[in-house]
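Below, each structure is written out as structure tokens.
There are two complexes below, and they share chain A, which is joined by chain B in the first and by chain C in the second.
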Partner chain A sequence: MIRALNNRIRVGAAVAAIAGLALSGVPAKAADAPGVTKDTITLGMTSAQSGAASPGYNKVGPAMRAYFDYINEKGGVYGRKIVLKLEDDKYVPTNAVNKVNKLILRDKVFALVGNLGTATHTAALKKTPIIKQQVPDLFVNTGYSGFASPKKYPTTFMYLPSYIMEAKVMSKYIKDKFPGKKIGILYQDDDFGKDGLAGFKAAGLTFVAGGTQKYASLSQATVGLTAQMTELKSSGAEVIIIFGVTSATAVALRTAAALGYGTTWGPQFIMGSVGADPTTLLTLAGATTAEARAATLRSLTGALSLSFLPAATDTEDEYVKKFIEINTAYNKGVVWDNNVLVGMNQAMLVVQALRAAGQNPTRASLIAALKSKGGTFASAGYSKLDSANNVGYTGYWVGRYNSTGVIAPVDGGKPVVYTADSSTSNGDVAVSTFTRPAMPADGVPTNS
Partner chain B sequence: MRLTLNKTRRNMALLLSVALVGAVLGFPSAATAAEPTCTTANAVTTCTGETSDTAKYEVRVPADFNGTLLLWSHGYTYVAKIPAQVPLLGGAGNDLRPTIAPGAPDSMGIADSLLNQGYALAGSGFAVPGWNAESAVKTNVELLGIVKKKFPTIKRTVAWGASLGGTITQRLAETNPKLIDAALPIMAFNNIDKVTGSNGGYGTDAVWLFKMFFDPSIQGFGYTAGPAGFGQAAQDFGKVLAAIVAIQGGLTKSGADTWPATATLVPAAVKAALPARSALLMIGLLSGMPIRSASFDGVTGTPIDTSSVAAASASTSAATGFSLAVQPALAVAENMVNIAGFATFARYDLESQTGNKNFADNQKVDYAKKLSEEERATYNVALSGEAGIDGLLALVAGFQKAAPLKADADALAKLQKLDTMTGKINVPTIAFNNTEETVEFQPMMAWQIEKANAQYAAEVAAAKAKKKKAPAKKFAAIWGQPLDEYTKFNADGTPKVQTDTPGTAHVKFSFPQWMDMVRLGDMAARLKRLPSDAILQLTRESDPNWYPADEFDADTFESIGS
Partner chain C sequence: MLAVRSSHKPSATKRIILAIAVGALLFVASNLIDEYRIFQGAQVAAYLVGIISIVLLTGYSGQITLGQGAFMAVGAYSASLVVQEFGLPIWASFFVAVIAAALFGAIIGISAGRLSGPYLAGATLAFAVGIPALANAIPILGGEQGLSFDIGYAPGKYADTVSPYKWLFWICALCAIIAIVIAVNLTSSGIGRQWRAVRAHETAAALSGINPARSKVLAFTVSSGFAGLAGVSFSATVGLVAPSSFTLALSFLLLTGSILGGISHISGALGGALIIVIIPTIFESWTEEASLGVATYLPGIIVSALLLLSIALAPEGPSELLHKIRHRHRH
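Then we have the complex of A and B:
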């Protein structure tokens, strides 16, 4: 009752404020949807903004907000300003449940955008009314293929390509470029790792005896990864896949250096995309000691990694170029990196989805618009966004880090993008023929 | 309510070994009937007496009586006095003092406040301790007759009660709807068979798994008849506490982990590879126990040391590790202590009422299926990863194959006959429970909600078929839930023990929440229907601990595999 009264006052004030303005594209009436008023659309996001898993990932949400601020200054979405409520779940699943419940039940957000983490979002989907209230759950920041399940999670749409896709692409690259080499892997012993292993299996990639090493999520922070990296070294693996989060990759690289990487030991490292942002890796190491930073950089140099967006350092890319401008103006003091790129690009997709949902959007119209039009949205992604099937991007390119931590396509020139699906019945990978839409003028989408 | 632990004795540090053998047990003796006597003091008339079954009762009516009588039914009381040397529970049990409001007669704050607001209060101590739902309903029926005759100014009656008292309240409304105008069943215990009987269940799984993992000398089931069996239950309670203290001691101090020496069925290789906390959490998850407790919110990390960049980095890692790996196990430890009394002493009582044989059976329980995919993901870290999860489940499967629980058929049949609550709604009813309640766990109120919704849907369909107006809804439910973060730490970094966190533990509500309940019940009694959705909503929004039942996706017996 009290809340409803307050809403009436706020809406009334907003109507009075804009009464004298001649605004084309301003909706004729407030939409009949939670989180949508005549002048605002409120969105919610949960992410690790603090805690051990937060470095790097905690830049995604603020980057999204910065892009929304930019769009708001340009008139918003059909006259409505976008409000992003960002909640810190600390990467703890129980807390993600608390925060998503708060966003849906108390803050009454219209949609969730960019929620981050496999375990955290799995918990939220189980113990919050996302499904019951048909809350659009757009562009989740995880590659766990299980989220692309319209039957189980009808309102959830992925953003990242799945870990299965990534494993398939990685497998093809390894088979093509390192035939006959002994392969090892370090993976996270949870749904993230399981998804990756399923992809490697589907692609027929096999690992050398003793070369399959795992760690319990977050254990790298307390017990380290020395045992696993030592086993990998002993296995004789010549190509080592590090399929973990950034904080684990950082520990693995630092440990490799301690075990003689670059002097007495020289395997080829290939890192999964979610754990490979060089800025974060080096920042994490630098928080310990300068020596640790140097050791990490030594292991990083020459390593390979997969990416689904352009390199954040590719300032020739029109999307990167524009997003850097926006970051400078609207995300002051934040160092530009891959995480910021991820967030800005994601926000641009959200804006297009909101526009496609119509002038008076509902939760249903947003989901329908994403299903039918998501594949046509402009974005920095080098592969198709398969929103029609609740899937995110569908391809990766392979890059190599130089001695300053900058990644560039392995073969020079433009990246070759490989595409795959999340089926575990085949390991098929093809070179993508996808043509990326051009950046909208001034970085402001005008789709409908 | 009576099952609640004495908070002054709750400090876990005191839970060390106890000598229990040979304790003198105080069993109830027959009481004699007494006529009601009334006195008036401080503008309150107090009447006491006994119903024909010798149950003692008390009634208090204020001079400025508002016309509403609140009939309180207290919760479970153990069938005998627990020996004083038993930690936490010593001295509890066989308490047949009349109880007129939550906390009474030991703490009269709620009662006095309600009297000041003009309510009349009544309550019995009941004729027998232990599981007494049906006899207590008869007592209440007689008591209401006495009270209404004595105080003809009573215009309406609201029945309320918590725990077993919630069951008694609901059964009173099911069997004697004309005697009351509204019912507030709070944490009503139901589905005894699903909780303790033919297919494992919360109370059975928790104890059996704990026994197998941590101390196979725990008897747990099939207690001997008479005082000897009560002594066995007391010994079991002590063993559960001792094992928990052994695990918990290291966890609270440093996150280090210790398997108790009594964990003799777990192979040494497993103990070396997996921490005891993971096994403890597995017990909680497989039994359906809340994974938040009065002290542990499952979220808050240990304090961050900001004295230097390196210290901040290390302590941040430790904090996240504590949240993900340790908090859930500590919550289970605390909740296990909370339910251990019920799981031992109340089982003894139920076995006494069903022929002194074991009625629990877990031969067909698929424990692996009880761990959902979501739980695997949510608690992956605390369970030591996928390998840890698979290893623990394999161990459970081995335990089950080697030593399954087999029920005595006669005892099981008798247990099922004690399962009398039907969930039928005859009067305006508002049910309450806490999301992290440890005894009447989530599926119990979820079951009430399902039954009431199904009944209402059938009534609406019947009215539609007869082209009549749809009947008014008579049932609503409200959950109490804890705040998101409430774990606190001592100066030395160890977690603080808390006992009164609303939304957690057994029958824990704040004072304003108790008042909200009465306000809503009184309104329902006056209106002869539920207060409007708007009023219910206002109640929910006025207290951050209230949670709308229609939006909370509670565990159900089906969802947890019971």
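Then we have the complex of A and C:
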């Protein structure tokens, strides 16, 4: 009798436990979507993990994985652990096609997240089944405005503000602070650089004769920019825009020092956000000699740069603070910098998108959730994330590097964020009124 | 393919029948395997043609090349240009690629005719470095991002039912089969014998009535034509013709594949192509940690190690080694 009662209690307890688990959000069954099982959600990413353009950017993917590990330890997304398959495309379009094909066809990932590079991703969109299989293509890590096209690329969402926006903000700042000065530019000769040029044109910024220089850096290493920097010097440009990847920016700064920057030559450098991580710039320079590092630092001191996230050195920022903690615990041995911040922030957006897609997500529900709720996600970004229109962040602040390579807002205090759109028919820039959502408790999103 | 070595060589007709049978087999296979394997199959087919072009030039004619990527680039760019600028149909662009690369090869062959051994290798190496850089500097070739090359979908009502990967595979496999048939027939013809004679002993070949210079130029021209076909097939797999597709690394990869497969026989090309496509995939799936430097470079290290081993243990390639072992057992 007593044994029978005990059994009943046991059965009752088991039923209660199962009901409790179900109510607490553990999915009852595997969702009907590729890459989603009862216990896991598999995501894919391609980036430059090696090769000429990889310095700095090769830290973004591992940083994302570190944040996912942190979330997995906290229970994952509705009980499912996030698995990130990270593939190296070396910043070469041909490789990107191969790797994205592998991720979609063989690994059957649920979504692509944070694929990095303009030319690489253009090729992938053209020759892989991203569009055909409606694979969510979240937070592409480039500012090429062409990707924000719901008609052409219905499943692609950007992460960075567009290069056109960046060029407009940069133009406004240059016109306001350096009126009448001669302007020069060094840009990457592909859609990345050309998108920037379109923005400068829209904003009515004109360059001095001989002051428009380009470099090619996709397939070859950036072997030298002496010719370009010498041309810029002899053009008499007083403000020089460097619109390139980090490895090219490092070479440009080092070359400038060799050409007499700081002694016989003193233009104002202003750098695009994707090439401006000081830790990477100085590590790249220091990889050769201490003098090279000192030379780069000399050129970097006083240079201006645009950012859409807080400075990685702003340890008072609640997002930066938490991400540093996660980096220390889950990304062991990796030096904290802007690239790690970019990756962690991106991963946090991905987690919120997955949560918003529901307990049994499908590719369609993920895209719909991002479209309708992306603008409300908590993130370190100082401007609105315009996922409703497949656009990434929409604003930048301007900072200046000091003699130790630390960047701070130009006017001191809190950064002033400028916002613009990607239209090439105007150069309009406005001060952003966006209020950033607070960091979720413990850095773990609980949105739905 | 082993038939090339046997004393009872099949006739050209039999070879064509065999090729049709292989084609039919591949067609059936393409309906049974998953899309990623089909995509890899297309890559293998493209590399296969590239390796054949090296085998013909180096294995048969004895001229060392380090710059086959350059000839592939010439073919691929020509194909893309005639489609974009003159509106030629895609199928015609494959012929254009072969002809353009062959013409380019003929010009290079004539001028490089005086070079041999390491000097010729150096000259071809210069092309491998120079051609992508040149392509980058000519605006009509689309700079770093290159030109689009889209073979599109299967025609007519098949567009919806045949996956783009199958379509791609069929085209690349067809090119590879045609290339193999032509190469095998060529090498077992008088021309092939002349090439081998020149490779073995130039003076002796000249004494027996062969014009070594003409023979070498012809080998260069034919090999470049094959490289052009490889270039256009390779571009079809990625939908793009760009300088970054035809780097020095590609030239070396093809050379590696040809040595691993066995540079002195057409039959080795398939093995070589399989090795350079499959090995990286296997090792990547073993490691799956692109964040670790070692995993990123591991496939390259393994292929390089195989190359060193192959040169040390079987300089003529594994297929030749097997042939020798079999031959030894017969005595």
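As a convention for this text, the second predicted complex is superposed on the first by the 419 of 448 C-alpha atoms of A that agree within 3 Å, B and C clash if a C-alpha of one lies under 4 Å from a C-alpha of the other, contacts with A are read in each partner's own complex, and residues count from 1 in each chain.
We take it that a contact is a pair of C-beta atoms (placed from the backbone, for glycine too) under 8 Å apart; a residue touches a chain by one contact, two chains touch by 3 or more.
What you are looking at is a predicted structure, and each value in this text was computed from that prediction instead of being measured.
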Clash-or-fit label for the pair chain B, chain C on chain A: clash
First (chain B), second (chain C), both or neither touched by A:52: first
Chain B versus chain C as contact partner of A:290, first or second or both or neither: neither
Partner chain in contact with A:65 - chain B first, chain C second, else both or neither: second
Which of chain B and chain C A:93 touches, first, second, both or neither: both
Contact breadth on chain A, by residue count: chain C or chain B: B
Touching partner for A:441 - first (chain B), second (chain C), both, neither: neither
Partner chain in contact with A:126 - chain B first, chain C second, else both or neither: both
Listed stretches 114-122, 222-230, 420-428 or 492-500 of chain B, narrowed to the one that overlaps chain C: 492-500
Common interface residues of chain A - those touching chain B in one complex and chain C in the other: 50, 92-94, 98, 102, 105, 119, 122-123, 126-127, 129, 189-191, 216-219
Complex contacts: residues of chain A adjacent to chain B: 1-3, 50-53, 90-95, 98-99, 102, 105, 118-119, 122-123, 125-129, 132-133, 189-191, 193-194, 214-219, 221-222, 287-289
Chain A-facing residues of chain B, complex: 255, 291-292, 297-299, 301, 309-310, 313, 316-321, 323-325, 327-328, 372-374, 376-381, 384-388, 484-485, 534, 537-538, 541, 548, 551, 553
Complex contacts: residues of chain C adjacent to chain A: 34-36, 39, 43, 132-133, 136, 143-146, 148, 150, 164-165, 237-240, 242-245, 247, 281, 284, 288-291, 293, 296-297
Residue numbers on chain A that touch chain C, as the complex places them: 49-50, 58, 61-62, 65, 85-88, 92-94, 97-98, 101-102, 105-106, 119, 122-123, 126-127, 129, 189-191, 216-220
